[in-house]
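Mind having a look at this structure? Questions to follow.
Chain IDs A, B, C, D, E, F, G, H, I and J follow the sequence of writing; residue 1 opens each chain.
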Amino acid sequence: MPDPLLLEAFPTPAREPLVIEHVAEEFTSLCPKTGHPDYGTITLRYRPAPPDTAAGQRGCVELKSLKLYYQSFRNEGIFYEAVTDRIRADLTALMSPVWLQVITNWRGRGGIRSAVRAEFGSVPDEFRAR
Amino acid sequence: MPDPLLLEAFPTPAREPLVIEHVAEEFTSLCPKTGHPDYGTITLRYRPAPPDTAAGQRGCVELKSLKLYYQSFRNEGIFYEAVTDRIRADLTALMSPVWLQVITNWRGRGGIRSAVRAEFGSVPDEFRAR
Amino acid sequence: MPDPLLLEAFPTPAREPLVIEHVAEEFTSLCPKTGHPDYGTITLRYRPAPPDTAAGQRGCVELKSLKLYYQSFRNEGIFYEAVTDRIRADLTALMSPVWLQVITNWRGRGGIRSAVRAEFGSVPDEFRAR
Amino acid sequence: MPDPLLLEAFPTPAREPLVIEHVAEEFTSLCPKTGHPDYGTITLRYRPAPPDTAAGQRGCVELKSLKLYYQSFRNEGIFYEAVTDRIRADLTALMSPVWLQVITNWRGRGGIRSAVRAEFGSVPDEFRAR
Amino acid sequence: MPDPLLLEAFPTPAREPLVIEHVAEEFTSLCPKTGHPDYGTITLRYRPAPPDTAAGQRGCVELKSLKLYYQSFRNEGIFYEAVTDRIRADLTALMSPVWLQVITNWRGRGGIRSAVRAEFGSVPDEFRAR
Amino acid sequence: MPDPLLLEAFPTPAREPLVIEHVAEEFTSLCPKTGHPDYGTITLRYRPAPPDTAAGQRGCVELKSLKLYYQSFRNEGIFYEAVTDRIRADLTALMSPVWLQVITNWRGRGGIRSAVRAEFGSVPDEFRAR
Amino acid sequence: MPDPLLLEAFPTPAREPLVIEHVAEEFTSLCPKTGHPDYGTITLRYRPAPPDTAAGQRGCVELKSLKLYYQSFRNEGIFYEAVTDRIRADLTALMSPVWLQVITNWRGRGGIRSAVRAEFGSVPDEFRAR
Amino acid sequence: MPDPLLLEAFPTPAREPLVIEHVAEEFTSLCPKTGHPDYGTITLRYRPAPPDTAAGQRGCVELKSLKLYYQSFRNEGIFYEAVTDRIRADLTALMSPVWLQVITNWRGRGGIRSAVRAEFGSVPDEFRAR
Amino acid sequence: MPDPLLLEAFPTPAREPLVIEHVAEEFTSLCPKTGHPDYGTITLRYRPAPPDTAAGQRGCVELKSLKLYYQSFRNEGIFYEAVTDRIRADLTALMSPVWLQVITNWRGRGGIRSAVRAEFGSVPDEFRAR
Amino acid sequence: MPDPLLLEAFPTPAREPLVIEHVAEEFTSLCPKTGHPDYGTITLRYRPAPPDTAAGQRGCVELKSLKLYYQSFRNEGIFYEAVTDRIRADLTALMSPVWLQVITNWRGRGGIRSAVRAEFGSVPDEFRAR
């Protein structure tokens, strides 16, 4: 089941602002109604907290731990919207970023493909437009 | 014939704002003038009503019911503009969303392909730009 | 020769605002200097006049009549800029839309491909950006 | 060598504002350091001066003359930045447009491909964003 | 190891503002944790300092020296974020540009591909949106 | 229901051998188990009977009649394999071609997309390989 | 774990030869060494046994059962080669087809993407060449 | 109307065998039933007669004359099959090539796009397979 | 330097013939003349020795060891042809396969991209044709 | 003017057969009739002579010399067919390969793009088919 304890963070590595993006194309979970697998791509974007703050000490999610966290959804029955909200909540709690954006794109069921977007803080327009 | 009673809703599943998109690539209806089939893609985007409101109790359209609703246009003679306006009206009535956008893209007749866009509420710029 | 009398209109079909787009990929006319054929794509976008106005009675161009109107340029010797300006003028006169945009994209002569954009009224930014 | 005398202009052909784009995909010049050929695409966009002005009498560059002008760079040793600046200067001098934009995209040397953008006047945001 | 002394500059070659972009698709460095190679694309965009200023004397990075500088990361164990920040710092120190943007796109490890963006000065919106 | 009487033929129009291909991208029928719509592309290839034979008098299927015949499957519950076999049988009966090939490509149900190929006579290798 | 009992067959539905292809783009299993998920596409092609034979009574695999069978690999630790061989064996046992081909394409681990092909009987050249 | 007198030939320019291909993407003619324009791409491939033969004196079609010949179909009402057969006949008569292949690809009417292939002599397999 | 001792093999895992393909898109070595890096994609295809033979005991190359072997070329100055031949020789020595094919595709130097193909044993036509 | 003396060769570097391909996407020459530039891609494929033969001592064309040889066509007025035949002749004379294939693809003049293929010796089918 989704396990935020798998997530690890490291200190923000630069004094100047960075924007970081991780795109995981191999996400899978289960539909809670039918039990059939869902397949999606998870796009995470965020600006880490400044390095000289408490939040900055855990400003960036470590990549391998993010992968393991995503894998922990593999056998979970969970709706698209809940996946998206959960990832937003867990990563915001971990990193306390300046802003954060999660977009999930799903390959589709019954001829309809879907996307869900959740955000934290003030996401710049140029990322909202993607 | 198009049947909004097929549509079902479920409560908005998150406290934080979400934007939800459903793209149905297999829509078909009939041209009211010639009786020939039209084929299109229906893109629906919306931000559901907040969860702690009356509207939020029926904030999100259920995916399978949306599919069946779209299928109910299959043998209806109806113009592009009317399909678009009808879907906007039926889904707005169902969900009372914060905002909603419907874009229909049609494969074309006589060498001309068409698109129609209808909106409800204040759609953010980044979605209008797509 | 280009014949605006071929154009027919029908009343704006919805109370709520619509944006309508027609893309004709098979446009051809003749170069007035060399007589060689030009090939282009004509993109027309507009927001029709509201239904309860005089203009709204002829708010939308009928699709088949638009096709025949475009075909009337087939053997006309006419520059790219003049094609674009003419279509803007004829369709604006027909429909009196809230706004209208015509973009012509040409396959190219001598290794240079061209585009011309003409507008009427206040075209929203999101359509100008395409 | 680059020869602006090859350029010819014709009067702005419409009272209403137009935006005109010419994309030449087959541009070539020489690297001034190595003598090896460079290959690029030249995108020119501009809004011509109004027709009832002195500038409007030579408001638009004639397409074939533009092609010959571009060909005059074929055996010139010239940097990317200078090509771009030169085309901006020569075409601005020819047409006195309301605004003008030149973007050169180069196929690359040593695994790095480059682009240079130069502008005259107030270029609208939607063209800057391309 | 990354060596900024490899970088060379030349004076800004035009009085009018230019925007310059160099995209290097063949960047490689090493993961500092595993020692495995990382592969990425480095996009550099900047507006050089005006030619009649001290900074303008070294306003533009010379292309071949940029290539050699990038190659100096080949056997360096360094994180994505540090590569991006380092390139920003070294090139800003070299050129003192009006603004500068570095975007690194990485091919991915463990099914997740990443991007990091760093900026100096006031980058125009149209470049942020790419 | 599928109606071969809609099909019309015309005489083979050339003495030299021709190969004719018609690709219909907008085919739809119904799944006989679930009643949900299926969407597919029907590729028909054939070599018509020689013009100086009895079969050659009805050697080629008329394009508009083929379209109407395909539309007659719209509300038929029928499996992929049966659609393919039916089209092969009806068109072979109509035209008595030298050879004929029908390939149906289906957009997929439950994450699996399918194709079915049926042939009559000796189809040349180069068409089998597509 | 992979369960061939999930597979169901139906009789070959046509007297004339058919070739049937099912492409499942959403296959996932686990790497037996690391436990990390593998993602692949499974292409199955076969010619069913003739309808008037014992094998023809179970000549075609039912599509939904195939989907469930593929899903039964979800939490199995199994190598690429074994997945491919297992699917070949289970489907050959089910259907006794004239010929059968299984191709698995894997998204890659450590920068290397892989494919494995297994066959039964005499697969025509045109399918081997794909 | 189609005018083979527009075609010009020049002697085969090489002793060793050549294969020559010309692809014209901007062909247009009229549908003889409806009068609406058809748009297509004409692919011509051939091996010219050897240079030391009578046919070799007119072994290759001149490119500009081919363009004018194709343009002569512009206002002709003519079926797909007849266009293809006519081009085969006219070019074979002009050049007496070793072999020749004409493939016409049509953008489609009523949702069906078509292709017609005609050949003269013994076309090598590798070109038939394209 | 290229180190075949890094390669590990495992027994052929199936009695029925398999064809195995590994595509490594992130190969890099150095040009022995200039010292500049070369970037390429290495495609390896082979049919392993049968399982009940001595060769079959080491019939398949282990994927992670292949990755490390490829990485051992990272700082080697070596020509395209020698890379290709070396990989063929090392893998043939490791596995004694029924047949084996190595294709290297290089991103290019000086505007020319290259490919080299080497084979062992009798490679089936369908793989040669890719 | 085209200068075969620019070409250099090196000995065939492997005992086992290789097939070598060089694709130059940036070729340019001049049309001998109009003087306008032509742009093309030159694909060269060959199997070098065995290393232990006289021809094998000069079995492979050196890549940089090939680039300079191609550049020597830059200001030559020469037809497509002659470019192709000349490259075949010059490279065959240089290397005496087992077989050699030259394919030139041209960007087009007057809406028609062209290709010319010339060969020496017995080119395997799989390369002819590309």
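Please note the rule applied: a residue touches a chain if its C-beta (ideal position, glycine included) is under 8 Å from a C-beta of that chain, and two chains touch if they have at least 3 such contacts.
Remember, predicted model here, so these are calculated numbers, not experimental data.
Of all chains in the assembly, those touching chain D and also chain H are C, J.
Among the remaining chains, the Cα-based centre furthest from that of chain E is the centre of F. Set side by side, E-G and A-G show the greater C-beta contact count at A-G. Averaged C-alpha coordinates put the centre of chain F at 44 Å from the centre of chain I.
Taking each chain's centre as the average of its CA atoms, chain B and chain F sit 34 Å apart.
Per-chain CA centroids place chain E at a distance of 37 Å from chain J. The set of chain B residues that touch two or more partner chains comprises 25-26, 36, 39, 107, 110-111, 125, 129.
The full set of touching chain pairs reads A-B, A-E, A-F, A-G, B-C, B-F, B-H, C-D, C-H, C-J, D-E, D-I, D-J, E-G, E-I, F-G, F-H, G-I, H-J, I-J.
By the touch criterion given at the top, residues 13-14, 16-26, 60, 63-64, 66-67, 124-126, 129 of chain E touch chain D in their complex.
Chain A contributes residues 79, 81-82, 84-85, 88-89, 109-120, 125, 128-129 to its touches with chain B in the complex.
The part of chain F that touches chain B in the complex is made up of residues 25-26, 28, 36-37, 39, 71, 74-75, 107. Residues 36, 39, 107, 110-111 of chain G touch chain E in their complex.
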